[in-house]
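In structure tokens below, several structures.
Two complexes follow with chain A in common, the first pairing it with chain B and the second with chain C.
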Partner chain A sequence: MSTPSVEPVLLPAKRRVAQLAMLAFAVVIIMGAYANVGLAIDKQIPSGMLTYGLGLGGFMLAAYLVLAKFAPWADPLILPLVTLVNGLGLVMIYRLEAAKMGGASATNQLVWTGVGVVLFSVTLIVLRDHRALQRLTYTAGAVGLLLLVSPLIPFLGKEINGARIWIGVGGATLQPAEFAKLALVVFFAGYLVAKRDVLALAGRRLLFIDLPRARDLGPVLITWGFSLGVLVLQKDLGSSLLIFGTFIAMLYIATQRTSWVLIGILLFVGGAILAGMLFSHVQDRFTVYLNPEDPALYDKVGGSFQLLQGLFGMGQGGVIGTGLGQGHPEQIPLAFSDFIFPATGEELGLTGLMALLMIYALIVERGLRTSIAARDPFSKLLAGGLSFILAWQVFIIVGGVTNLIPLTGLVTPFMSQGGSALLANWILIALLVRMSDAARKPPPQAIQDEGMTQVFQR
Partner chain B sequence: MNGPLKRAALVCLLMFGLLMLNVNYLQVVRAQGLREDSRNTRNFYARYEIERGRITAGNKVLAESVDTGSNKYRFQRRYPEGKVYAPVTGFFAPESARDMEASKNSLLDGSDADLLIRRGIDLLTAKTSKGANVDLTINPKAQEAAYKALGASGKKGALVAIEPKTGAILAMVSIPTYDPNPLSKPDKATVNTAYDKLAKDDNQPLLDRAIERTYPPGSTFKVVTLAAYLESDDTVGPQTEVDAPQRLDLPNTTADLPNSGGAACGSGRVTLTFALERSCNTPFAKIAMSLGYDALKEQAEKFGIGGEPLEIPLAVAGSGIGPEEDQAALAQTSIGQRSNQMTPLQMAMVAAGIANNGVVMKPYLVNRVADAEGSEIDSADPEELSTAVSEETAGKLREMMVSVVNNGTASAAKIDGVSVAGKTGTAETSQGKAPHAWFISFAPAEDPKVALALIVESGSAGDDASGGHTAAPIAKSVMEAVLGR
Partner chain C sequence: MSDLTLLLIRLAFLAVLWFFVIAAVGVIRTDLFGSRTTAAVPARKAPKAVKPPAKSKKGEPRQMVVTGGPLQGTTITLSETPITIGRANDATLVVSDDYASSRHARLFPQDGQWIVEDLGSTNGTYLDRSKVTRPTPVPLGVPIRIGKTVIELRK
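So, the complex of A and B:
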């Protein structure tokens, strides 16, 4: 029996002031970027600078206050980083709208950002303990699958640009896959935490690989089949790749078994070859990937025109970029959504893109750090899964538009114009913030030295 | 679970690392290639982002950039005077430019090193840099008169008018010509279609006949032959009598050299003035044969013929009297036939040299270049090209050329109250084809303000075209325009 130490335990710093300062800095950068666009296009500071800048600043201040009240121990870096990316997206959309690009609407995006911040706040306020989600494992799974297939429901689903990934609600369209991905990560986390021992330990060894039991393969095969189904029926390559890859990563994190990764990769390659043989649009994407500069592909409908325009823009930008408002990103089709990354590359150059990728990497890193610091397996897996899906999504879309991997349509998180993705990603960030608050919150401290009997303040 | 989490973090790091590497590869290694790809329309937009300077002639705007407010093609080129000045201004097409638009491009678009200070000031005062304005020496009245007179009744040809004392080009017309406006639209496809149509046209509207093409000068070249004769012997003058047979026997050939139409030239023994007035062939051929090829070539070179190719700043095709052959060939060369080939500009320089007391000034088109704020960057500095003949010889030639207008073949060029000096030319092209009609002149003879040369091409003014009937009246209207009559 030893007596507890009398020295006070050092509490981790909350660093709220630093967070506020960084948040202000992010907003100042964004306002500077607005001013830049206006000066380049109209030779005057745009009226939008105050509207958009202060709008964004106001939203972020609200988010900060909610965070400070309801998740005081949360990671101080996540919110300012997300603010910067979200604001940069707003600036690019504003800039494309100023270039009279059809479809670009900075006002809509700002409104969606506001709604995103509301959802962020609501999530933080309502979900005081994220472990409540563990009890909803199968509900989340069912909701996720339902959301994923919802675009296929007659009258509800809508086909836009050849992909049936939208549903019409009232006058608005939503992309349910964005929300489905959150629900599915919650489901995977809950399911894998419950089943990880059996998935990890049972099985037999063949050569160097531990093969799982056939019945344990079930969930993997079901997920694989499901993502293929999504691909086939909705022609949504991006989402199926996103969900399948995330599932494999989480399976690996939960079981620590490399064999799952190998099986996953084999299944993916098999599925991709199968899809390539069966569907011309998958094959087209692949030929475009291999040879985007081929003139025949360039002129073909659904060929490499869009990809190459993005690459031209990036080439034009070079190391320092043309400067905001001084390039021609409106040349790139869908520059405000899927191709916002090359559009940014044209005007901010390599310098801007490296900074942008660094910000994404930092957000992911903060998420993974949360995951490592978390105290229970479900939190670890959920935080790890959410961080990975964010990184994976950036990789798929940015790699696609920069011709690193074949192009599959996905939104660039927080940047691309589109409400669904923005809302879903703000909820994702709220979950990470909630978990980082839980992870960093110091364990209850003894109020006084009372020997064997202690009173805790919770 | 921390082990696999760390490995997953490593995978994430790897993914971002790959993205960063790839972005570097694209924007550094491949940037140049991507920028220069012909399908990258951004280069093409850059041409329209700059407010190019104006091209003016006096108070007349020949070319200007108009702010359309369009995002893609903001500044578009317009040519308010269209066809009239096309051989001078050229055009500004999406992928190329021609004539003044091309040769003064770096000043017009503001990229020239001479505009460095202006650009620096603009940068400091946060102003958008504009290109410099280029003012030409062209006299709009003369240009328009020449365009109207030459362009009437479907003629083809060219006219160049020079201020003899400076070399400033007052008018430069080539017909048929083109409208630079449709060639300067920011739309490659329409421009290429329009250009191809012009390029395939048999009448060659894109050709600047004044400087880009040479023609046999015909009898106008007799002035050069005569100059060589006068220079060779001080005692020779307008009243010196020379042999003028009806037909001249050419040595070592069976052919004879007749006068125009086989006519007799006076009594067979005439004064030089008479020979020039009537434009007899035989006396000049005889003179040339006695002077020899070298003397004729030397005299031609003193007028700038066959020297360094001129840049005014547009590139001028080279003129020349042809290689040395036999005496028979020399006889034909002396009257502007055989391999004798001149640009209209070169013949205008011959007239201007005589008008300017024998001194040939370097011809030029740019009067003044000023930046967008009006500060002068460059202005014309008249330069002597060569001394063609002595002042005395120039005086004799002037006297005889005035006589050609007053008493000879060029009576159609007479202007009331002004003494005009001139020489007609009717150059044979090939057997059975209509001749080119030439005319060179300057006025007023005692204090020349304008010297010019013009050609009306073979076949475009009837089969009986001649320098006196076809070309001289056109010259008259241009001289009147310059002299304000």
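So, the complex of A and C:
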């Protein structure tokens, strides 16, 4: 600071170059991973390297251009980080397909990624101001509920692998719960902005905890009942935990009251125990969780075989993994969807999994950072809720496959094969990008130098 | 393809993966400690923006931090433009607070100082303990109260 006169104004930089460089870096890593798979399996650079690598690169370049045009101040890291996770998922699916695993199709996943990028762009172009969503609070709530219960409608809903969470339109199937979670987060954010004062202020203090009034428990109880309904009727443990947890987290963000978190945890644990005693499919999950090594459970259909195969795979990987294309992740059932995390763990080892979790953590960090920087309460809650739901989803599935918590069928965001989840998550990222653009944009420039009238452009 | 080559490729891939993480953290660094590239930004914008002479003065506030209320933690970087605070959606800082007016208060720079002005709000704007009745200069670190929201200027 010897020459204070050149000290610049601290403007938040757009960091477009950094973003493009990180994006190129991510695509290069993915192409390297393809080459590695080919070298290990066929002893030559696979022809897929250029198709998939350049395909992914092209999609991301398109996403980058849309972002640079329509959200120029957006966070520079979100897109490259998501690209890398999405690409690693593609590589793993490609690798499983190369090992002749039935159901894995990297081409399908690449096409879905393309559709995801299109939806990302459409969201950014159509939604110029995310606060428009605040006007749709109750519409979003209704749409969310409708999507969530739609698999229960006769003839429309389909039961696949024991969970009734699909709807079939023609030959295609769709998981509406993935889109429902977005609509519900929008609803929670809008609702809590309107009601946070009464939820935060009224109540009395008891033993270091501010207890809310009994009649304010209504929304929590309704969400609780609803998520238990999902658990029981659709046999979908994952979505139930995901939605209830997100509601509690957003309630906490809105009111800063620990008592809501305690009430939420107690309610959910109580509900889960009750459901475990009454319904056999919930009980089965608990038995598998508590004794996965039991030989009887291991041989049972729907028992602990899959979970243990995943754990064996990760054990085989060790610290640095077997190397891409050199392990046997195809022996884990559903390794391309629910169990893609252990499959990656087998080939990349602890080191690779830690890097992967770091990347997820960074995406969430960027989202929470957006939430802190946001200038109005609705954006704060929406960004906080969307980041939390991403983090919570990663926790539930990674905790499940590592036997930390009972296993629930959720997809690993951006990695697992499956269109619905990928599309919904790309829309989620578009919303985060839109909000980070609004939060990082410097205050609008005044037209006059300094006068009585100020002109604003928002 | 020998095993040794594959081992080397495997190690290299993991190293590159971690390098990506570290590079990402490097980009985030600028969030916390300021951007090293900002020196180039004003240079490019120099023809447009005329720097006020007071720019070089030490002790000039650079950001406005919300230290209390529902928006706690929000930071707005100060440039040469005025900042409005209120419940209206076009305010720079939108507070959702029953005690704040739609257009509650305004902060603007003048001769290297930031001035707070109450825009005829119902419940008033307070600088430290005293009510703001006319445009008043804001020293660094002194809390401004608007309803339940408390803001402060910082370097």
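Just so it is clear, the second predicted complex is superposed on the first by the 432 of 458 C-alpha atoms of A that agree within 3 Å, B and C clash if a C-alpha of one lies under 4 Å from a C-alpha of the other, contacts with A are read in each partner's own complex, and residues count from 1 in each chain.
To be clear about the criterion, contacts are C-beta pairs under 8 Å (C-beta built on N, C-alpha and C of every residue); 3 or more make two chains touch, one makes a residue touch a chain.
Note that the structure is a prediction, hence the values are computed from the model and not measured.
*Asks:* Could you tell me if A:Y360 is touching chain B, chain C, both of them or neither one (first, second, both, neither)?
*Replies:* first
*Asks:* With both complexes overlaid on chain A, does A:K380 touch chain B (first), chain C (second), both or neither?
*Replies:* After superposition on chain A, A:K380 lies in contact with both partners, chain B and chain C.
*Asks:* Of the two partner chains, chain B (first) and chain C (second), which one does A:Y252 touch, if any: first, second, both, or neither?
*Replies:* Touch status of A:Y252: first partner only.
*Asks:* Kindly classify A:I93 by the partners it touches after superposition: chain B alone (first), chain C alone (second), both, or neither?
*Replies:* So A:I93 meets neither chain B nor chain C here.
*Asks:* Which partner does A:G349 reach: the first (chain B), the second (chain C), both, or neither?
*Replies:* both
*Asks:* Could you say whether A:K43 touches chain B, chain C, both of them, or neither, answering first, second, both or neither?
*Replies:* A:K43 sits against chain B and chain C alike.
*Asks:* Which partner does A:A26 reach: the first (chain B), the second (chain C), both, or neither?
*Replies:* So A:A26 only meets chain C here.
*Asks:* Looking at the overlay, what does A:L81 touch: chain B (first), chain C (second), both, or neither?
*Replies:* second
*Asks:* Quick check on the superposed pair: does A:I372 touch chain B, chain C, both, or neither? Answer first, second, both or neither.
*Replies:* both
*Asks:* So which bits of chain A does chain B touch that chain C touches too?
*Replies:* Common to the two interfaces on chain A: residues 43, 349, 365, 372, 377, 380.
*Asks:* Under the touch definition given earlier, write down the residues of chain B that touch chain A in their complex.
*Replies:* So the residues of chain B in touch with chain A come to 1-9, 11-13, 15-16, 18-20, 22-24, 26-28, 30-35, 37, 39-42, 45, 71-72, 128.
*Asks:* Could you pull out which chain C residues touch chain A in their complex?
*Replies:* 1, 6-7, 9-11, 13-14, 16-18, 20-21, 23-25, 27-28, 30-31, 34-35, 37-39, 41-42, 51, 55-56, 58, 62-63, 70-71, 73-77, 79, 81-84, 89-90, 92-94, 96, 98, 106, 108, 110
*Asks:* Show me the residue ranges of chain A that touch chain C in the complex, using the header's touch definition.
*Replies:* Spelled out, the residues of chain A in touch with chain C are 4-13, 15, 18, 22, 25-26, 29, 32-33, 36, 39-40, 43, 76-77, 80-81, 84, 131, 193, 196-197, 320-321, 323-324, 326, 348-349, 351-352, 355, 358-359, 362, 365-366, 369, 372-377, 380, 442-446, 450, 454, 456, 458.
*Asks:* Could you list, by residue number, the parts of chain A that touch chain B in their complex?
*Replies:* Per the touch definition, chain A meets chain B at residues 43, 99-100, 249, 252-254, 256, 293, 298, 308, 311-319, 327-328, 330-331, 345, 349-350, 353-354, 357, 360-361, 364-365, 368, 371-372, 377, 380-381, 384, 387-388, 391-392, 394-395, 398-399, 402-404.
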